[in-house]
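This structure is in structure tokens; I'll ask about it shortly.
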Amino acid sequence: MNMKVNIAGVTLKNPVMTASGTFGSGREYGEFIDLNKLGAVVTKGVAAVPWEGNNTPRIAETYGGMLNAVGLQNPGIDVFVQRDLPFLTQYDTKIVVNVCGRTVEDYLCVVKRLAGQPVDFLEINISCPNVEAGGLAFGQEPKMVESITREIKKVAKQPVIMKLSPNVTDITEIAKAAEAGGADAISLINTLTGMKIDVKRRAFALANRTGGLSGPAVHPIAVRMVYQASRAVQLPVIGMGGIATAEDAIEMMLAGASAVAVGTANFNNPLVTMEIVEGIRSYLEEEGISDVKELVGAVGA
Amino acid sequence: MAEKFREQAVIIRQEEISYGIYSMWLKTEQIAAYARAGQFISLYCHDGSRLLPRPISICEIDGLDCALRIVYRIAGKGTEEFSALRTGKQIEIVGPLGNGFPHKEKKALLIGGGIGIPPLLQLAKDLDCEKQIVLGYRDELFLKDEFKKQGEVYIATEDGSYGTDGNVLDAVRENGLEAEIIYACGPTPMLRALKAYAASKQIECWLSLEERMACGIGACLACVCKSKEKDDHTNVHNKRICKEGPVFRAEEVEF
Amino acid sequence: MNMKVNIAGVTLKNPVMTASGTFGSGREYGEFIDLNKLGAVVTKGVAAVPWEGNNTPRIAETYGGMLNAVGLQNPGIDVFVQRDLPFLTQYDTKIVVNVCGRTVEDYLCVVKRLAGQPVDFLEINISCPNVEAGGLAFGQEPKMVESITREIKKVAKQPVIMKLSPNVTDITEIAKAAEAGGADAISLINTLTGMKIDVKRRAFALANRTGGLSGPAVHPIAVRMVYQASRAVQLPVIGMGGIATAEDAIEMMLAGASAVAVGTANFNNPLVTMEIVEGIRSYLEEEGISDVKELVGAVGA
Amino acid sequence: MAEKFREQAVIIRQEEISYGIYSMWLKTEQIAAYARAGQFISLYCHDGSRLLPRPISICEIDGLDCALRIVYRIAGKGTEEFSALRTGKQIEIVGPLGNGFPHKEKKALLIGGGIGIPPLLQLAKDLDCEKQIVLGYRDELFLKDEFKKQGEVYIATEDGSYGTDGNVLDAVRENGLEAEIIYACGPTPMLRALKAYAASKQIECWLSLEERMACGIGACLACVCKSKEKDDHTNVHNKRICKEGPVFRAEEVEF
């Protein structure tokens, strides 16, 4: 049985990746799981310089999900390259570095710095709802998405995945803009902007007031957007949003994703990625499907 | 790298020891054998609508029987769910997590406030030195007799119903307590006051902090506190409470 | 203690309404609860002529929520006026008639027909994701929202509530458009477009492929949008989206809603609206708040 | 207006009577006293991630003891949750819902397929007339002996392991069964075949239909089927299965 998938010319041993921001640079979850068994590790977003992130509380639980407003705290590209990347290259898995910035120049700086590094993909975060400048502001306007994609592609030495926001009227327009800008793949969905209020204190649950909603609660929205986006462009789609079981991952692939990323579910179960890899394998066996790639977009077929 | 485990623990017994405060003994496979005073475990809800683990401090460790005790307050639906678990029921836990208290052979003040009291019990049992224990409550007492077996206990109550009428620092002053080291856990205002007190008296002071957590193992960067120096891991002035903490030197952190 | 709220000059005995489409015209839930105790009953959407709705399956459960694609099946305005309205007027509660259409003329036809009827509010559904024409198409474009609101206001004899879609990049633009068109109030959120795929059959769970996501899963998105919209306009806001407890309702009011509507939660517990009314009352008592109106927008105060 | 109740029912007993098929007796306050054969109840999950009620047909009614029996198949996580409930546990239910079977004094064929078999048991007990019972299974039988107490039973199995090798209509034909009225519940292809059969033989035929439901009480319009005539309530060619049904005259509905 084949579990391998190919994204923009790079072969992953299986379609299960981690979702940026939930998995650090792999070190912490590496105490629970064998990172060699992942299709890819997607790092926490890294910027040109260290970012302090938002004030606390940065997190709030919601019904079937959670809100986060970490605000892209990160140690900056230098420490990342010196410390985190060498940690990851010890493992036989693909490395996707998530890149964030407040300006186009910020993004370009990180992308250039990674040019000679042992990195398999760049994932460009233009969809973080929790930072004042950059992030989501870049990801909601098709023209902006196209132009930032084009700028990044000019300097990138690795395939570029544009990570899209679900906080838009029409996801297909944004996906097409990324494609027009030359993206090698798209990933979606980032989190949905949400809010929680503590009724006892009559105050915001998060210091940042709003946060990004993730977890199983948002899965049906993610499946819909992956379905729409994958039919709107020729690019491979990496599907994420509330995947917590092998069934959820398979559903995402049937909708049109070539690979999937698991995020919030790690917090509920540090071993969940391993269970999903095994669950997909079992499903293929039970259904008599010899190649996991046959699932991609196979809904209604 | 510290050993961490995910296990199906089994409830040995559970009882309400004060209004809304529960004491639960858990049988673990490995966690208790590796746990230290001041560390915590993550407990996962059965109900699927609640995804995040609840971090709860370890109150007592029985390494021989591989059992752990936690004492927690019902603070929401998750802890309410835990409080209904009867003997023999299973619960998913991850641990041991965090750094725990250091063990120094110095004349010690152990200071706990409210639901910050339980983690000091194992520390009190472990510390082989002169120790004075100060416990602050709003009104109803709990764990007092168990602490009494470990050293001299001084009580403060906010409503004045027992011991010193006031907070833990009032009790320290009223009883003229002195020490070379302070270990403390409790509400933020109490910890702030202790940090200032220790600084003014130039006493070594270790504080156990709290913050909303998601992963509980250092990956998500939700539960940070501000640090005086740039932190080695984060490369910014933030420390992860679940990983570098929850116990910090008072001077290290700003909160 | 005062539980009364005022929306566009109409006084409701309490801020708890039902959400359109989940409550029929009140008859079925009237077998479980006392309709007199509701602030208002909001009817299922009614059109100029009977609508057959979509094929089945029309419903799918999701994690902490559900998808529906009923497709606005309704008996048409004539039967509604002859049969359902007289049923509702027996009760001492306010009546909000939800109006749907495929064209502007459809809406106007229903609104005119209701002009002389004992109806307290019109709620205009420009945000249903489950019909081919009309519905959502009207609700995602600010210019369209403004113009349809203006047309309706010209003929409406009752206060007009525009019901907004969350499937937009910027809810404040849509809210402002409704205000510019002359709306008397806005209600939000309608459902979020979602999809579920049955992995065993590798087929869509809903005949309509996509459906509207509702339930506690979406509550944080609703709270955020109510917060944003209520600060963007001067109109009263009716908050809905995943309200299942008194706490959820209070949270929505603190975010800025003058009243709330309870939808999907009725399916989980037919008595839930009564429990929410009582729960709000208890909260006010415990918190020593004498007027429920003090909650409106009081977050962070 | 039919009486409906929301109750905390109590599990009297539960057992697995065939692979993945469970029989549960529930103690109710009022529902059993009002229930009729062919009606259903809505059962609500304890787990908060599953919001919608599961509609399950009533298999037996014990009006004296105010108890109800349901027999259901594990079809997902909700029914899996129900199957783990032990004696004494509570479950929230609403009912009785739907119209139920008519009771006519005519020579009857009761035809059930798979998990459509259980609702016919109470009907078989209630009908005071000549009746022949045809039960279709994939392979493993269940409830057979209980039906035998109520009349002549004919079995069909898809794998041919028992009775007629084939479906329920094969069994009807093989045994030359005749009737003035058919009552049936089972998978859609079986009901379609029976509708055609009844039409060709001009036999009165009542079918119990199934569809995904949300509210279960007629408010949400999720569980409709196409009707031949315009329906009085909906004013379109749709009938609500949970309200006007689940039992319909075969000619009334298209499915």
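Labels A, B, C and D are assigned to the chains in the order they are written; within every chain, residues are numbered from 1.
Operating definition for what follows: contacts are C-beta pairs under 8 Å (C-beta built on N, C-alpha and C of every residue); 3 or more make two chains touch, one makes a residue touch a chain.
Since the model is a prediction, treat every value here as computed from it, not as a measurement.
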item	value
Which of B-C and A-B has more C-beta pairs touching across its chains	A-B
Whole-Å gap separating chain B and chain D, where each centre is the average of the chain's CA atoms	55
Cα-centroid distance, chain A relative to chain C, in whole angstrom	34
Chain centre separation in whole Å, for chain C relative to chain B (CA means)	46
Distance from chain B to chain A - Cα centre to Cα centre, in angstrom	35
Touching two or more other chains - residue numbers and ranges from chain C	63-65, 216
For chain B, residues contacting two or more additional chains	48-50
Topology of the chain contact graph, where touching chains are joined (line, ring, star, complete, other)	complete
Of all residues in chain B, those that touch chain D in their complex	46-50
Touch list for chain A against partner chain C, complex	62-65, 67, 140, 167-170, 192-197, 199, 202-204, 210-211, 213, 216-221, 223-224, 227, 242, 244, 247, 250-251, 254-255, 283, 298-301
Chain D to chain C touching residues, read off their complex	1, 4, 6, 44, 48-53, 92, 94, 211-225, 233-238, 243
Footprint of chain D on chain A - complex, ascending	63-64, 216
Chain C to chain D touching residues, read off their complex	21-24, 28-29, 31-32, 44, 50-53, 56-61, 63-66, 68, 70, 73, 75-76, 79, 215-216, 264-271
